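The following pair of complexes shares a single chain, chain A, combined with chain B in the former and chain C in the latter.
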Partner chain A sequence: MRKPSNVILLLMTIFLGYLTLFPLLQMVKDTFTVHVSESIRLNKAPGEFTLSHWAKVLFDPSSLSIFYKPFLNSLATSLGACLVSLVFGGVFSWLVTRTNMRWKKILSTLFVFPYIMPSWTLALAWYNIFKNSVVGGVPGTIQAITGLEPPNWLAYGAFPIALVTGLHYAPFAYIMIGGILRNMDANLEEAAMMLKTSRKRIVYKITIPMIMPAILSTFLLVFSSAMSSFAVPTFLGLPVRYQVLTTQLYRTLNGINQGQGYCIAMLMILLSVAILAFNQRVVGTRKNYTTVTGKSSNISFINLKKGRNVISVIVLILVLIVSVLPLISFALESIILLPGDYSFDNMTLQFWIGTAEQNSIANNEPGLLKNPELWKALFNSLKLSLICALTAGTLGFLAGYGIVRGRGTKLAKLVDNLAFFPYLIPSMAFSVIYLSMFSTRHGIIPPLYGTFFLLVLIGTVKYMPFASRSGMNAMMQLSNQIEEAGEIIGVKWPKRMSRLVIPIQKSSFISGYLLPFTSCMRELSLFVLLVTPSNRVLTTLLFYYNEKGWNQYSNGINLMIVIIVLVINAVVNKITGASIDKGIGG
Partner chain B sequence: MPKIELKNITKKFGDFTAVDNLSITIEDGDFVTLLGPSGCGKTTTLRQIAGLETPTSGEIIIDGKIVFSSEKMIDVSPSKRDVGFLFQNYALWPHMTVYQNIAFGLENLKWNKADIDKRVKELLALLKIEEFEARYPAEISGGQQQRVAIARTLATNPRVLLMDEPLSNLDAKLRMEMRTELKRLHRETGATFVYVTHDQLEAMTLATKICLLNNGLLQQYAPPLEVYSQPHNLFVADFVGSPQINLIHCSVVSIDDSIVLDSGIGRIQFAPRSPIELTKGSCVTVGIRPEYFTEAENGDGIFNAEVVSSLPSGMETTMKLKIGKEMVNSVHFGLVDYPVGEKIEIEDRSDKNLLFDTDGNLLSLGRIKIV
Partner chain C sequence: MKKILSILLMCILSASFVFAGGSSETTSTVDLTTPMTHEELVAAAQAEGTLTIYTHSSRTTTIADSFEELYGINVEVTQLSDSEMIEKVSKEAIADLDAADVIYCQDGSRVYPELLMTGYVVSYTPDNVKGNIIDPQYENPLVWEVVNKVFVYNNENSSEQPLTNVWQLTEPEWAGRLQFKDPFSEAVNMNFFTMVTREDWAEKLAQAYKDLYGKELVLTTPNAGYEWIKMLYANGAVLGKSDTTIAENVGAKGQSKQLAGLFTLNKLRTAEAKNLALAPAYNMEPFSGFMYPAYVFITKNAKSPNAAKLFIEYSMTEEGWVPFNTMGDYSPVSYLQDNSEDPLTLTDWSSQLIYEDYQWCAQARADVEEFITSIV
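Let's look at the complex of A and B:
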């Protein structure tokens, strides 16, 4: 206990144990108890033990539509998304690190754009463009311009969900795979070349096996992110009643079958844990990859020769479509009076600056910039993101510090797992747990449902993995001796942290704050069940407008969120040198 | 049989010239070391021979076949140059076993399984690593990894073997062992070896010819003992030899019967092997190898020296001596030691002392004595 890191680890165990393990147990219990709304149908008093939730979800004729079908849909779209992001991001990272493609710098910057934007950005853009008459009257851009109606499979359901989710998470693949390719000793590939290996065989036999750990990590990240994505299937699935686990969860929990919702959430968590376990098993084999990195001397770029210009242009166009086109689409949709008509006469700024009286077609909702609801939501969003970033960033960094300093001990391992656990719990399931746990009085803790504090609490715990990972990375790079040198001349712990550790690892330290901030700004599924009209944030306001079908408003808000996040990122990056992609790793 | 010719090879990275108009011919069966301080262009030269790096201009001919020519727009890919390459960090593939690493090149040549197995077993025996064939690279020591890397390179029987500081990651004892091993391999395979190192001792002991580079420029290309005893210029003299050569700045006093020089160690007389031209008053440099100083036996031309430090190693004793105003290195063979501060008398009986002109180029070898 003489060491501060042990104190930190102990406090973290208590804090995280209470906020992650305990709720989990609570939820397990909830899958076996009768809830108020279910008591009449089940003919049992609330709080009594029942197996009917599990039976209904898993072993009933209706299980097919309650669980199995959404489950298979989730699985299909998530695997599809993994494939898309690995191919798109993988090929892109290979082009950037190994060939003489043009405009690498600008392309890399644009390529990670989607990661900074909300996950549904592309989905909404897709919806704007490919929407057909199924959703009722208003056609999308394609139909408006060409008169051709996009078929359902193209406009909604599995295909677009997998595609846009995959494109959105492609930056993961680029950052992870590109990172390894960049650091990987080029000699490994050159050695194969000297032994008369064909280019194709080098890729299959050397390059791909070497980046396998990165591929698996990307797979894990994209799969769990795609599984827990709620907004994308809402935009692209619901028009054709394509249900996935998250949308099903939202339905059951908002309806009268909460018990079933808890069961579904449980199953989602189990799936995530299984995938993580699988990942660790595969990576931790004899084929030790720690020798991968070496001094990456002069990599000689592969000359694309005649293909150089063609490939560069194709990549540029793809990246522009994914990163820039959505923004144009939002801006356009937010100024169109009658949806579907893209003529100049039909454009107006009234949805931005109009008064309530002018906007009679939208139930007299004032223009966004004159709308007190929007300003309140914006203020709430900023306040929430800022507080979450501060708490999650600080706690995460301390946790990372404790874990690295206490490496090898059981306590450190426990905290490491506890701090990473929230990452694996799908956001919606996580908020369900908190909903169930904090809706009633709990020992000395009053009911928190409907309070701003609950949002802060859940945001802090959910985003701690980002900060603790970047904290761990930073501490790993920092030799223990640096701190010991301070300790030996009698510098106390707070001063060692503030004068030695933090200044040296400044940029990862700031990344640890930046990630929770941006994640929080664009979070929907974590908050959508927990907010009440009084503490609405931008994303849930967007969701509200979308449900009402007021496209101009939801597009406008989306544009605002994207711009705010981009600007803040750029400013922080400029001032401190910290950037979002430095913090990824998990 | 392979002979490697480099003609006017220049390599630029942006504004930086890594290799500057280099022309050398490596004869068949040679063991050539590319030697020089870090950043002198030796690895770049090696990689250009292999085809891993493209020269900015010049021509490379291997075994009579032009593999690179900037004029004729020829650039044969590395896999078609028929050369083996040994990397500094071995570049063993961590996801393959020792056996798979060695067999990989043979699979590329579409050998059948039985032949591959026979050849791999042969190499495992040659390099004495039979017991590790099923292990992964991370599970064997650095020296063993080194052997696997050599086995992998030799498997396909390349007629030219290019090596980039292959021993620099080994400890001193292993390094000695591997040097002997490499010399044996060179003899047994009969291949042409080109070997990059920054360690002059390694270059001296291994090579049939040393190619010494500095700042991308060729300094000297000659057999090791010639480089040692007749360095072309001050840089070569200074770079080769440990402890370092003593370079003493002098001004020419007279050139009548013999050359008389004024220097920090006193007024000395230099007797060149062959007549040379010098102007009176010009600045020259005299180079004296540390082992040329010996304990004085007769009374003629003796230096009075003071022992500043003495480092006996058993076989020889390395000393720093103060002669006049200069500090010099001196090596005495055998079991000798001197207390610090002792005054001793030494002389230089060698006829291989060096005289460099104002620009640092070698003028002549000769004898020196104090006047």
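Let's look at the complex of A and C:
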């Protein structure tokens, strides 16, 4: 117990235990109790015990449409998304690390863009391009240009949901697989090459097995993210009434059968935990495979020869479509007066700089830059994201330190799991629980609802998984001997940290701050229930405009969020060398 | 072993927190009995100085601006969706927080049992409104405004109203041509579907079917209301995310097929500016759509109860009502009947539309929600 890492682990256990296990128990309880809105129908007093929620969700004729069908749809789209991410991100990372493709630097930077953007951006773009006469209105881009009507399966439902989600999370695959390919001992491949093994065989027999752990980690991350993604299926599923678990969760939590909603949330968590456990079993046994680093000599790039230009151009076009086109479309949509008309006469800056009187077409909402609400929300967003990044980043780093130093102990394993657990809880359910958990006094903890602190708290817990992962990665790379040397000559722990550990792995740690910041800036469902007038953030304002159908405003805010995040990431990267891609993979 | 024990202990500890469930009984700060003159109310309100409002409508902000200017009381307005409103207001009441003073809200089916019956909010009828309400159904609790959602069609190429009976919407000719907001994303739409399953409306629907086709409706569901919902969905009704978007989709010019939508009449205000061809379908059998109340309440822990009363009073004067002086918004107060761009008054509409009954909706909505989940 004398070791600082053990103290950290113990404190983390208490802190995370309270903030993650407690909500979980609350949720379990909610699946067995009558809520006020259900009391009339169930003919029981609120708070009474009931089994009817579980019965309805799992063992009723209507369970098919309440749970099983959406479940299968979620499974299908999430697996599809994993496939898309792995193929797109995997091929891209192979091209970048192993071939002589052109424009690698700029392509790598652009490739990570989709992750920085809110996930619905690509969905919105897809909708605008492929929509057909089912939803009516102004024709989609494809139909407008070619006159051909895209079929339903292409425009809405499973296919576009899986594809768009997969493209959104492809950066995960690139960062994790690319990270390993870059650090992998190239001797293995070179040895095979000397033995005249064919290129194809090298890829199958050496490269893929080596990157298998990264593939599985990507699979886990993408799968859980896709399972809990709400915005994309809402945009692309609704016109053909394609329901997945999150839309079903929203419907029940938003309707009057909340107990069923909590059951669905529980089942989603169970599924993610099962996948996590599977992942740990597989990756756990092959861990030593991946940490081969540092010896790499430069492997000779595969010469794409005649294909070089063609492949480079194709990749460039794809990346531009996914990363840059949405930005252009936001900018454009925020300045057109009438929807669908992109002529110059129809363009106006009134939604940016107009006064309330000039904007009668949008219920007299003043232009974005003239709107004090927007400035307040912008300030709040920045404040919240910075503080969350600082707390989540620091705590995550400490957790990572404790976990790696205490490796092998049960406590370390427990903290590892606790710190990752919030990632698996759907944001929407998480915030509902926090709302009820912190609106009354619990022991020494005063009611926190309505305070800025509560937003910081939930943000910190929810985004710690990113930071603890990158903290762990950084610590794994750092040999224990360095710290032990300090210990032997009697350097105290705080000084060991500030003089040895942190300076050596500075850029990795700072990367651990960037991910929480980025995620926080574009987070919506986590905060929407917990904000009060004085602490409204940009995304809640965006959501509001979007609900109202005031597209120019919501597109404008979207553009602002993306630009702010990009600029801040670029600045941090310039100054410290840290970057988002180092955060996840390392 | 120790570790396992300590983990177990922690679980039990946090479990005891969860299941303890603190209940706190408090009395309301709002005094509705002591009479006050307008001057006294203004003085008391100004002494309180600030006011916090939760609302479902963005236009409440405009009322707040003119109120602020008139009385010098600082007003903070937040817009919330229906379920957020209920979630927040009840949590604030339980925790005894003084967050909101006044709430403007819709969805009677949940507001009534969850906020009003629990005593978390109280209904207050200001003096200027007393005795001036045109129909008792708007009285208790006080209805601040009535909003209507009507079947609207694209009239670019048709001078004649294409829809006269709601059963037409279930015919192959109208397959995939009707759009409305997903009732799971807006409670009042769900309440509408709940209302059509009430016995009286179900009977009217059955009659309308007979009038149109000259034969009895064959039921596969509990009644004609359910049957209509089922056939509407089966006929490929398209669900939308917002009434604004639906109005734009239905009204866009140059479309090969004529679309119709069920959305708030308010969207016709900007139709011309947005170059949309939209017209309401009047006098359909047995209804042309629905109308629903928005309520105003004072919260039980209001820190500025007098400012709250003054604001409610002001919002129901001619001056305060100005932002709602539009198509699709109707005041239940007699002296505000002509203050609308709509040639039809609230009384005109109430004979054509289904009015939301919160008691029936509170009782039957769960069944209807489940029914719709099962047919989608």
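The rule we apply is simple: the second predicted complex is superposed on the first by the 510 of 586 C-alpha atoms of A that agree within 3 Å, B and C clash if a C-alpha of one lies under 4 Å from a C-alpha of the other, contacts with A are read in each partner's own complex, and residues count from 1 in each chain.
Operating definition for what follows: a residue touches a chain if its C-beta (ideal position, glycine included) is under 8 Å from a C-beta of that chain, and two chains touch if they have at least 3 such contacts.
Because the structure is a prediction, the values reported are computed rather than measured.
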### Task
Could you tell me if A:43 is touching chain B, chain C, both of them or neither one (first, second, both, neither)?
neither
### Message
With both structures fitted on chain A, tell me whether chain B or chain C touches more of chain A's residues.
### Response
C
### Task
Could you say whether A:536 touches chain B, chain C, both of them, or neither, answering first, second, both or neither?
second
### Task
Based on the superposed arrangement, let me know which partner A:550 touches: chain B (first), chain C (second), both, or neither?
second
### Message
So in the superposed three-chain picture, is A:443 touching just chain B, just chain C, both, or none of them (first/second/both/neither)?
### Response
second
### First (chain B), second (chain C), both or neither touched by A:197
first
### Query
Does the superposition put A:146 against chain B (first), chain C (second), both, or neither?
neither
### Query
Touch check for A:343: first (chain B), second (chain C), both, or neither?
neither
#### Entry: chain B to chain A touching residues, read off their complex
43-44, 47, 50, 52-54, 77-80, 83-85, 87-89, 91-95, 104-105, 108-109, 136-139, 152-153, 156
### Message
With touch defined as at the start, can you tell me which chain C residues reach chain A in the complex?
### Response
3-4, 7, 10-11, 14-15, 17-19, 21-22, 24, 52, 58-59, 62, 76-79, 81-84, 87-88, 90-92, 94-95, 97, 99, 109-110, 113-114, 118, 176, 179, 182, 184-185, 187, 190, 238-245, 248-250, 252, 255-257, 259, 270, 273-275, 362-363, 365-367, 369-370, 373-376
### Residues on chain A engaged by chain C in the complex (per definition of touch)
13-14, 17-18, 21-22, 25-26, 29, 36-41, 47, 56, 61-62, 64-66, 133-138, 234-235, 238-239, 241, 243, 250-251, 253-257, 338-340, 360-361, 363-365, 410-411, 414, 432, 435-436, 439-443, 447, 449-450, 528-529, 532-534, 536, 544, 546-550
### Message
Considering only the defined contacts, which chain A positions touch chain B in the complex?
### Response
185, 187-188, 190-198, 201, 205-206, 209-210, 212, 286-292, 294-295, 297-298, 300
